[in-house]
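Each of the next two complexes has chain A plus one other chain: chain B in the first, chain C in the second.
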Partner chain A sequence: MTAYIVRRLALMVPLLVGVSLVTFTLLYLVPGDPVQSLVGERATPQMVESIRRELGLDLPLHLRYGRWLARTVRGDLGRSWATHRPVMVSLIDRFPITLKLSVLAFALSTLLGVTVGVATAVREEAGGDHLARWALLGGQSVPIIYLCLVFMYVFGVWLRLTPVSGLGDGSIRYFLLPAGALGLYTSVYKARMTRSAMLEVLRQDYIRTARAKGLSERVVIYRHALKNAMVTVVTVLGAGLSALLVGSVLTETVFGLPGIGKLQIDGVYARDFPVVMGCFLFQAVVLSFTNLAMDMAYAWANPRIRFD
Partner chain B sequence: MSRLLELDKLKTYFYTEEGVVLAVDGVSFHIERGETLGVVGESGCGKSVTALSILRLVPNPPGRIIGGDILFEGQSILRKTEAQMRDLRGNDIAMIFQEPMTSLNPVYTCGEQIAEAIELHQGLRKREALEKAVDMLKLVGIPGPERRVREYPHQLSGGMRQRVMIAMALSCNPKLLMADEPTTALDVTIQAQILELMKDLKQELGMAIMLITHDLGVIAEMAKRVVVMYAGKVVEEADVAGLFRKPLHPYTEGLLSSIPRLNRPQGRLHVITGQVPNPVNLPPGCRFHPRCPYTEDICLQREPELVDTGGGRLVSCWVRAGGSRAEVA
Partner chain C sequence: MARHPAAFLALLVLLAAGCARLPAAIPEGSGVWRGCLNRNPVTLDPAYVVTLLDSSICALLYNGLVRFDESGRVVPDLARTMPDVSADGLTYTFELRRGVRFHNGRELTAEDVVYSFRRILDPATISRRSWVFEAVEGAVAFNRDERTDLPGVRAEGSHRVVITLAWPLAHFLSLLAMPAGYVVDRNEVERHTDPRDYGFHPVGTGPWVLESWVPGAYLRLRANPDYFEGRPHLDALDYRIIEDGATAVAEFRAGNLHLLRLGPVEHAVFQRDPRWEGFLVGAPDLAVYYLALNCEKEPFDNVLVRQAVNHAIDRQAILEAVLPGRYVLANGSIPPGLDGHDPHLEGYRYDPALARRLLAAAGYPRGFRMEIVQTSSPGVLQITEPIQRMLAEVGVEARLVQLESGAFFATIGDQGNPDCFFVSWWADIPDAENFLYPLFHSRNRGGGGNRARFSDPAVDAILDRARLTLGAAERSELYRDAQRLVFSQAPWVPLYFPINYLACRPEVGGFVACSIANAQKMTGVWLAPPPAAD
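After this line comes the complex of A and B, so read on.
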């Protein structure tokens, strides 16, 4: 087990190099002049040229990447071209916001998704099941932006239960709406996955064995069926959690939450290379760790999996 | 004292899109305490559905018990509440299934699965129940039970898993063990071992066994009395010796002569011509008549009753059970 974890961690090194190489090249190819957006319209060509040289933009791609890599390996992600703040500081500042949003949204969507999934699988073909399936289909078809706006209007403007947007003092009240919208949105496919996994499991012979033992239907469903269904669902949950943790660009933008997603999208608009690169690298690290954690969870759910 | 189990014209139908499947259609037989009853018939004749009906575990929808009665120790199972049924299942009546590979839950250890029934029905704590699970594994002849109890089903072979299933079924000392093709999925040597084990355990624990199989060899080995089923009906009931000596129903006769003999030179193997009838669209009259070599006019028109021919032998056939024809005529 330990050996497995060490090997997975070691594998992260080539992965991160690969990710950085690809994103660096893509950024190089992206149209738009970063210096122009930094200095504005009225800068003289001499000013533009000197800033370009200062930032190393006059160098060929491989030299620029080499310089960036050498610095990054020493733990220095550089400073934002626009704000001159160290990128590392921005990431550390903003990650807690994304983390808070992700954990809330993930908890909500898992709870909702798994519960609805189990309930609809057990009452297969009943009226409630059909209704829930249509609701799920509807939920899946609505764009997240629209859902965010509806949440803002209904809970923030109309019912005045929560702040409409912004971070405020950073208390949980400001996260309720975005986490609610994001949680509801991501619960849909979890419910569908849980439902189909449960339907599959409930047909199995060992469910009949469990019933023949005299177990109550509740025990049969939650102890015997759900744990087996989770073997499939855990993978989806993991992918969902990673997707949330790398920052929800749309939700953070709509609700004005300064998380990782917002940092990244602002960086992209400004062609702020160090910020964008820092975000990508950070996200790759987060993804690797959540994937590892999910593989561990998978092994817990499925005893047939062993590490070696 | 009342009989252990008595089925009285039990009818379990399945309501499917193609039509109503008469899976079990008026089946009557009984099982005495401590007796082994064999139930024989080919796939789809209603053997397994009969057993599931006794536990009231027929999947509903589409299946439903629509008529007749099941008496266990003189009490109607069909009138029990679901909670009373749960007390019965795994406790008084236990069942083992055909597929040992898929009948155990892959995500729990063997010990946990055996202990679960013990905790439920005998009110033991988890630790005590797990100790009893070890004893049960020892009883069914699994080597190294202390280790096996912590293993998952995928770490065991098919024969071992079937032993675990038997241990689970017997853990609460059931009065009736229903074994649905317990050895079909196992290879021949393991098959013999499992049958031997069931025989020994029956001696030791004194429960009755309802042994469902399509294998007449297994019946000869294990059972005292046999019920032969065809297309949802009982066509013949007899003691084992009598059945093998002189089968009354043409279907039983056909089954027996289809067995290859090692001690006799034989050319082609005997077969029963035709196919098992479509359960949605059964032939009129006797359900076996399209495949029967002795068919008479009456067989096409009226369904024969199960008639007692004396000496505990019952048969449902116009040709072989002479007595009943007088009534018709």
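After this line comes the complex of A and C, so read on.
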């Protein structure tokens, strides 16, 4: 197991270099000039030239990448071209916001998704099952941005139960609405996957055996069926968590939460290369670790999986 | 409504004065202003400010020698009075107010002014606004690193600043009122290992002091108790950064914002709602929206083609449908309210038959194909799609190309060569010069502002002369002439001067909407105790 983890961590190095190389190249292929958004109107060619030199844009591509890599290896992600804020500082400032939002939304969506999934599977084809499935279909069809606004008006403006938007003092109540909307939205897929995995497991012989030997329905469902269905579900949960942790651009934008997703999209619009590179690298690291954690979770869900 | 701009603007001024409901004694410390910004400020260092938003926040933190008042006139700021100007218009002598202190308590002296201006021109700073001081004696060479001294700006004693220009420049004082003219504290700038970090820790002399700034989330400014014009009425200004328009509306409706900038859709909704009657403030923006025709590129290098395109588009019909009550039809580039605006300037009337004849005369009897480049901002298509249809009627097949704004500005600047594009121009200063010289002087073709790449020696000559002309009446006559000459050659299809509407909560008093971003100092604004909940 330890050897496996070490090997996975070592593999991250070429992965990150690969990601950075691809991102770097893509960024330079994107049309649009980073200097243009910095100088505004009435730029003299001389000013544009000075800024190019300052940013190292006058160097050939491989030299620019080499410079960036050399600095990054030393732990320096550079500074934003637009604001001049160190990229590392921005990432450190913003990740807790994304983390808080992700964890809350993940907890909510998992709780909701797995519960609904199990409940509908157990009562297959009953009225409640049909209703729930329609509701899920509906939930998946509503754009997240709309869901966010509905939540905002219902809970924030009319009922005044929560703040409407914003980070406020960073306390948990400011995250309730965005996490609620995001959690509800992401629970749908989880519910559907749980339901189908459960249905498959519930048809297995060992479930019939469990019931035949007189185990209570609760034990059959939760200890025998659900744990086996979890192998599929864990995959979905893992992918879902990764997707949340790299930042939810729309939710963050609508609710005015300056998370990683927002940082990245602003960086892309401003052609702020150091910021975009920093975000991609950071996300690659987060994804790698989440995937590793999920692989560990497989071993827990399915003891037949071995890491050697 | 838009046909009578003068009357309409007078009405707006009335509206602007009208938010205050209780003219009772204004309590000092009347609360915390809750505003919103539609974007995170990029920097609060005057040397790097290029956006209107950054400019409006810097206005709260800093002062220049002079500033714009709410109507856009230049008035003394750090200077005690308007400067003495020598007869040749080359030497400006400013006497500074005494006892003005930076937020850190240090007293401002003439040396600080000299340092701040030098810093903008210093090649090592790479300021985005060095052009503001280009008329100052020695500035160009100093900025190019060809000389190490800047003779044009000097301190005489502790409270006198003398600026000499290399050539007279009528609107020089307006330039000084821009953020580039704000005075910073040298110690505060140089305190940081990387001087660019100063932009996060600005220290000025202004009525507000930056207390905290969480990028992307909010800015909090508190009243400067020692402000030289007296402490502002409000205790603090809280600006939330809310990029999503729908979110801002929700926050405003929940009572969490005092002021809301209304887009066309919300404007219509609020206008129909009787509860907001009397609380909508309108102000014309100093800006112009237009369709630029690339005068260096076929077929738009032919003036007949450009005129034909102008005649082919029914601007009034489009604007009335898309922006009712929110525009003044533009026939030139100088907005109403500025000296040099010409209410008698005739626009090209909508006449598709004439357009077809002009196209035939230009050698395009069967029209041609073209591209209209535009951003993907909301509302743009509503204007360009009808234009596309109208052009089709005269045989011109226009393709709409939507670009994200970074790519858009690269394309219309020096890196592309588009046929035609939809864009706007926002004033740096409330002066006709700003709506002609950068936009039409051949020296500024491309990224310099003249994006239509228009070039006419006669226009250049008038614009050069107007910049040197000091008499106001003569100057505005020159600008009117230049504008007439430019638009007779139709480098643009001028569309409109926008009118901006704000919804203002009933408890707000003393708020005046300003057309120029950095005129708003927020010192006169106060809040009445909130009325009973509705």
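In this section, the second predicted complex is superposed on the first by the 308 of 308 C-alpha atoms of A that agree within 3 Å, B and C clash if a C-alpha of one lies under 4 Å from a C-alpha of the other, contacts with A are read in each partner's own complex, and residues count from 1 in each chain.
In this section, a contact is a pair of C-beta atoms (placed from the backbone, for glycine too) under 8 Å apart; a residue touches a chain by one contact, two chains touch by 3 or more.
Quantities reported herein were computed from a predicted structural model and do not represent experimental measurements.
With both complexes brought onto chain A, simultaneous placement of chain B and chain C is permitted, the two fitting side by side without a clash.
Residue contacts after overlaying the shared chain place A:R208 against chain B, while chain C stays out of touching range. By the touch criterion defined above, A:T2 lies against neither chain B nor chain C after alignment on the C-alpha atoms of chain A. Using the contact criterion defined above for the overlaid structures, shared-chain residue A:N302 touches chain B, although it does not reach chain C. Of the two partner chains placed by the overlay, neither chain B nor chain C lies in contact with A:S141.
In the superposed model, C is the one of chain B and chain C that contacts more residues of chain A.
After overlaying the two complexes on the shared chain, residue contacts for A:A82 are found with chain C alone; chain B is out of touch. By the document's definition of touching, of the two partners only chain C reaches A:L149; chain B does not.
After superposing the two complexes on chain A, the shortest C-alpha to C-alpha distance between chain B and chain C comes to 48 Å. Residue overlap on chain A between its contacts with chain B in one complex and with chain C in the other: absent.
Across the complex, chain A meets chain C through its residues 30-34, 36-48, 50-51, 54, 79, 82-85, 90, 93-94, 149, 152-153, 156-157, 160, 164-167, 253-258, 262-263, 266, 269-271. Chain A makes touch with chain B in their complex at residues 125, 204-206, 208-216, 224, 227-228, 231, 301-304. Chain B meets chain A in the complex at residues 55, 57, 61, 85-91, 94-95, 97, 99, 102-109, 116-117, 120-121, 152, 154, 165, 168. For chain C in complex with chain A, the touching residues are 40, 42-43, 50-51, 123, 126, 128, 130-131, 144, 194, 196-197, 199-200, 214-218, 240-244, 246-247, 250-251, 253-254, 256, 403-411, 413-415, 425, 428, 438, 444, 447-449.
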